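Each of the next two complexes has subunit A plus one other chain: subunit B in the first, subunit C in the second.
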Partner chain A sequence: MEWRTDLRTNLRVVRAIIAKDWRVYWRYPVNAFMSLLTPIMWLTPVFFLGLTFSRDGDALGFRASTGTGDFVAFMVLGGVVASYVRTVFWQMGFSLKTEMEQGTLESLWLTPNSRLWLLVGRSVVNVLLTAINTVTVMAAVYLLFGFEMTGNVGQALLILLPLIVALYGFGIAYAGIVLYVKDANSLTDLTSFFVEVVSGFNYPVTALPRALMVVGLALPVTYGVDAIRAIVLGTRPLVPVQVSVAVVLVSVVVFWVLGRWIFNRVDARVRAMGTLGTH
Partner chain B sequence: MIGAISRSVLRRGWRAALRRERRRATGGMDMDALVTAEDLRKRFPRKRVGQRRWWPWARRENGRGGNGTGASGAAGDEWIVAVDGVSFEVQRGEIFGLLGPNGAGKSTTIRMLSTLLEPSAGTAVICGHDVRWEPMQARARLGVVLAGDRSLYWKLSGRENLEFFATLYHVPAHEVPHRVNWALERMGLADRADELVERYSTGMKQRLSLARALLADPPVLLLDEPTLGLDPQSARNLRELILELKREGRAILLTTHYMEEADFLCDRVAIIDHGTIIAMDSPGALKRRLPHERVYRLELRETNGALRLTDLVPGAAVVEERRDEATGTLHLALTLAEPEQDLAALWTGLAHSGASVVNYSVQEPTLEDVFISLTGRALRD
Partner chain C sequence: MGAFRWWDYGRAVLAVFKKEWLMQLRYPAELVGAVIWPVLFPAVYIFSARALAGPDGEAVAVFASRTGTADYVGYILFGTMLWMILNITLWDLGGHLRREQVRGTLEACWTTPASRVGMLMGASLTQVSTSVAFLLVAALVLRVVYGFELRGSIGPLLLLMVLSILPVIGLGLAFASLVVVLKEINSLVFLVRGIFMVFAGMTYPVEVLPGWMQAVSRFLPLTYSIRAMRAVGLSGAGWAEVRGDALALMAFSVVLLVAGWLAFRGVERMAQQAGTLAHY
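On to the complex of A and B.
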């Protein structure tokens, strides 16, 4: 029996993981439903608050500081990226931990596949599920509150896609770290909350105190969101859109190289320490 | 080639490197040894409660000094030595058992062989592939069933689980349905295949795990406590299946702490305690090593005072003497040096003493007795 792991085999494996994760996801219908409901529940009070600050549907103060008066659209676009950030932390990082605690992770690790490919499979299904989720939420928000997107949505997607790829590179590193850390729950909670605060998903980063803003500007997601809004809503960008695009593209490479490296390091450490499975 | 040799020389010493090269040159030292473990060792850093390992400085603080308790072996307080230099081979068509008490290092050995754990030292080779240098090649030849029933997706049906893993074991797409059916059929799960695994009994989950291990038709099976938690009937069925798999020429390594199971299934048994193999042979040969063969158990009702059996029967040694307060009888367990004449002496002696025999049985020696005679402890407690 000769053993090959060519690209075709790896892609088959990725596809199988997608199909499996997809099935398992829908067998927890309450979770699936809640992930649709939560962002809407969360946006509702903000919408009414925003209305009280608006005149004739235009939030003037908001317009002065961002360049658009349509705060719902502003937040929806931030929300798209935010949902990917959240899903990378919670789904990518955490579901691996869950599988570890359930004991299925070892079954995966026992198959003759590179662990990286197994994670790629998991990432893809995550991207798909989050996309479905996001589009559904956007549609619901549109029907409930209404917003307008005047700019070039296609161009914005060209930024969103590499941004997502970069995020999943980070997700792979994070997945490794979570395997190793005991109380991953609070770590995940804190970090993902922090990223959401400093990256300006719900408000312009310029509204942040200086110290936090500096941190925000160090994260590539900040540039991604900023460029997407500039393109779709015509907001004033922090830096020229081309610069943001460059930041995002560089971060794809950096996050994947670094993510892979970190994951392999942690994985080797886990195999040496034996933290996997025994808890 | 030179690069590979010198790299491994640096890491593991020249002797191991030479052995490896020689094995590679001959295409495997022993063609029939599908599993080879040589001086395998594993130690774990001792973790303390409250120790936060992901901060380097926290480790430094807690790593030193220690509380001085539970030091074991030469490695001292810093390390738990789980496996301490085990060597064995498993041949094609052989069932090899690791028998030992809790914490002996059985699971750790299996985990190292299945590439889940990195050995601290030593070599493990699966079908000519070193688990450390060619882990994927090794995994491709292994079917593994780990202890516990949580290794399957409970929210998928049995069939869906197998289909998924068949692809992950690179079964060609057109063969997947056929192979999955074959495995389900074989493990007697065909009629429940489309139910969610969460509705399966422990025995069914265990059989599904074994079905999964068979999907890629691997030459080597590693089974960690395969019958743990099964009722006697399911355990018996599973043992029959394992014997069948052996007859197909697979090399099977299993761990157990049921000595009857090891006795029934294994061609050879390694008795493992505190991470080292203390005896390795066929169950029959291990039992023959015992100073005595059978244990004679008597339950007596005495009529007059103390009975001195050893006076009556010169070759008798009392292994157990216990008075049952409830029934007022005396339980005796004896071994006899010369069974034939000693038995005769025993019966005449008993008749003269006036004691009446309430119960009598002859017990064949078990691997448990072997373990006790080697360690002075019982296997289970």
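On to the complex of A and C.
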């Protein structure tokens, strides 16, 4: 029966973190508004670049590269996964750093709650906020530029969900790394952007030079986004969709086991060094 | 007295210039970023263009018919590099007064008898030198990574580069003053740089934009910088062909530098009257 009490306590922690983060997020409406506007601003130059390569609205080159001429839909689907990648790096990775700067990390660590469950709570609110953000951005892009999704969106969601779970497993490891490195802004900025470049969120990875393509093919997120596009847009997949699904499912297990291990190691280390609250 | 005043300005300019460069060199990790970002930032657009062009270059002719060049890599690099100069200026020069405010050094500096305009000019000079250094490093790195080559003459390009940086400095000065009043930089930078990213033709010719967007693009100096530098650097255009854009850039330089100076004077006066210089 002890596990039941533990679970109840942990769920209370998750609920408390969700309530707190939700309130903090909406207290800065300008930031919330900019998080909607920024993805559209980033997509617009690519949209007009696409028009520059199109004849009478037909993106003939893109169709030959990917199997679909609808480059907006292709990029929007990439943008959905990219928004979760960005959130994992910046929101999850920096969540403990933010607590550190606000001086609340040590107080949180002194409570009798599980540290890992604190991060799980943060992940849940992150996933929800990013989902709201993504759907709003998709609606805005649809109205501004127009796109079509003819495939099975439900099936694509069945790939997206485990992919998000895997990404948050990585996020927990990254939160641990930031806890140790502390000044990780440049590292995060470069790494997150690099992952976006090599994973082919705006283009197929086959458009990359060979060396970068190899790096892209080593990342599970590449297979996830590729399978989602193949299902929704009918693009030519890199590997059969079933193989991509298997890669995503295996990465869920690997990232969560590794993430938990790395986080616990770093946590023990910074507490032994007494550098938990220093930044 | 006049000569003394100029010397007074000069010493403040040099002191801030030296201090800012010293601080930049103290963070070598940031310098690594200066080499990596010129490669990484345009990569998304270059690889998108590669996919849009098609595996056998099926759509390159369409691109060339709209832009006057088949070199889409060079075309994108000119746009992205000039946009990056604007981005760096907004963060660095635009956040200059704000950073001093947060560090608690703005009041200390402004209570000295040194010229405040001189100090701000020192920050601007640092920005000009940083931008020129950035472009030179970027040109070398991009040559190695993307095989980027300049085709036009270097003289007009250098002149256009200076004419492109000056209005951006004016904008940065006005921005720095605005940030001190509004006490928030992140959202403002995202908004202003986003407007330039969307309207100035960073990756495309402005002619593909709808009419109302083309009208907006005419009010942005970056539109003229990007168009003129592409014409000279990629198509080997002569001075006569870009004279109109150069004149527009001169006009933008005057207007924006004066606007920046006036905004600074306004903030200076407001801070003295309201006593809010140290608030952040």
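The definition used in the following text is that the second predicted complex is superposed on the first by the 271 of 279 C-alpha atoms of A that agree within 3 Å, B and C clash if a C-alpha of one lies under 4 Å from a C-alpha of the other, contacts with A are read in each partner's own complex, and residues count from 1 in each chain.
In this section, a residue touches a chain if its C-beta (ideal position, glycine included) is under 8 Å from a C-beta of that chain, and two chains touch if they have at least 3 such contacts.
Everything quoted here is computed from the prediction, not taken from an experiment.
Trainee: Once the two structures are overlaid on subunit A, check if subunit B and subunit C clash or fit side by side.
Mentor: In the arrangement built by aligning on subunit A, the partners subunit C and subunit B fit side by side.
Trainee: Is A:Thr98 contacted by the first partner subunit B, the second partner subunit C, both or neither?
Mentor: A:Thr98 sits against neither subunit B nor subunit C.
Trainee: According to the stated criteria, A:Ala272 is in contact with first (subunit B), second (subunit C), both, or neither; which is it?
Mentor: first
Trainee: On the chain A superposition, what angle, as a multiple of 10 degrees, is formed at subunit A by the C-alpha centres of subunit B and subunit C?
Mentor: 90
Trainee: A:Arg27 contacts which: subunit B (first), subunit C (second), both, neither?
Mentor: After superposing on A, A:Arg27 lies in contact with subunit B but is clear of subunit C.
Trainee: Does subunit B (first) or subunit C (second) touch A:Gln242, or do both, or does neither?
Mentor: neither
Trainee: Touching A:Ala207 in the superposition: subunit B (first), subunit C (second), both, neither?
Mentor: Second partner only.
Trainee: Mind working out whether A:Asn152 is in touch with subunit B, subunit C, both or neither, as first, second, both or neither?
Mentor: Touch partners of A:Asn152: none, neither subunit B nor subunit C.
Trainee: In whole Å, what is the nearest CA distance you get between subunit B and subunit C after the fit?
Mentor: Taking the overlay as described at the top, subunit B lies 10 Å from subunit C at its nearest C-alpha.
Trainee: Across the two complexes, what residues of subunit A are contacted by subunit B and by subunit C?
Mentor: The overlap between the subunit B and subunit C interfaces on subunit A is empty, containing no residue.
Trainee: What residues of subunit A sit close enough to touch subunit C in their complex?
Mentor: So the residues of subunit A in touch with subunit C come to 30-31, 34, 37-38, 41-42, 44-46, 48-55, 59-66, 71, 75, 186, 189-190, 193-194, 196-197, 200, 202-204, 206-208.
Trainee: Enumerate the contact residues on subunit A facing subunit B in the complex.
Mentor: 1, 3, 5, 9, 12-13, 15-17, 19-20, 23-24, 27-28, 102-104, 106-114, 177, 180-182, 268, 271-274, 276-277
Trainee: Spell out the part of subunit C that touches subunit A in their complex, as residue ranges.
Mentor: Contacts found on subunit C: 29-30, 32-33, 36, 40-41, 43-45, 47-60, 62-63, 66-67, 76, 184, 186-187, 190-191, 194, 197-198, 202-205, 208-209.
Trainee: Hey, which residues of subunit B end up touching subunit A in the complex?
Mentor: Residues 42, 44-45, 52-54, 108, 111, 114-118, 120, 136-137, 139-142, 144, 146, 148, 150-156, 160, 163-165, 167-170, 173, 196, 212 of subunit B touch subunit A in their complex.
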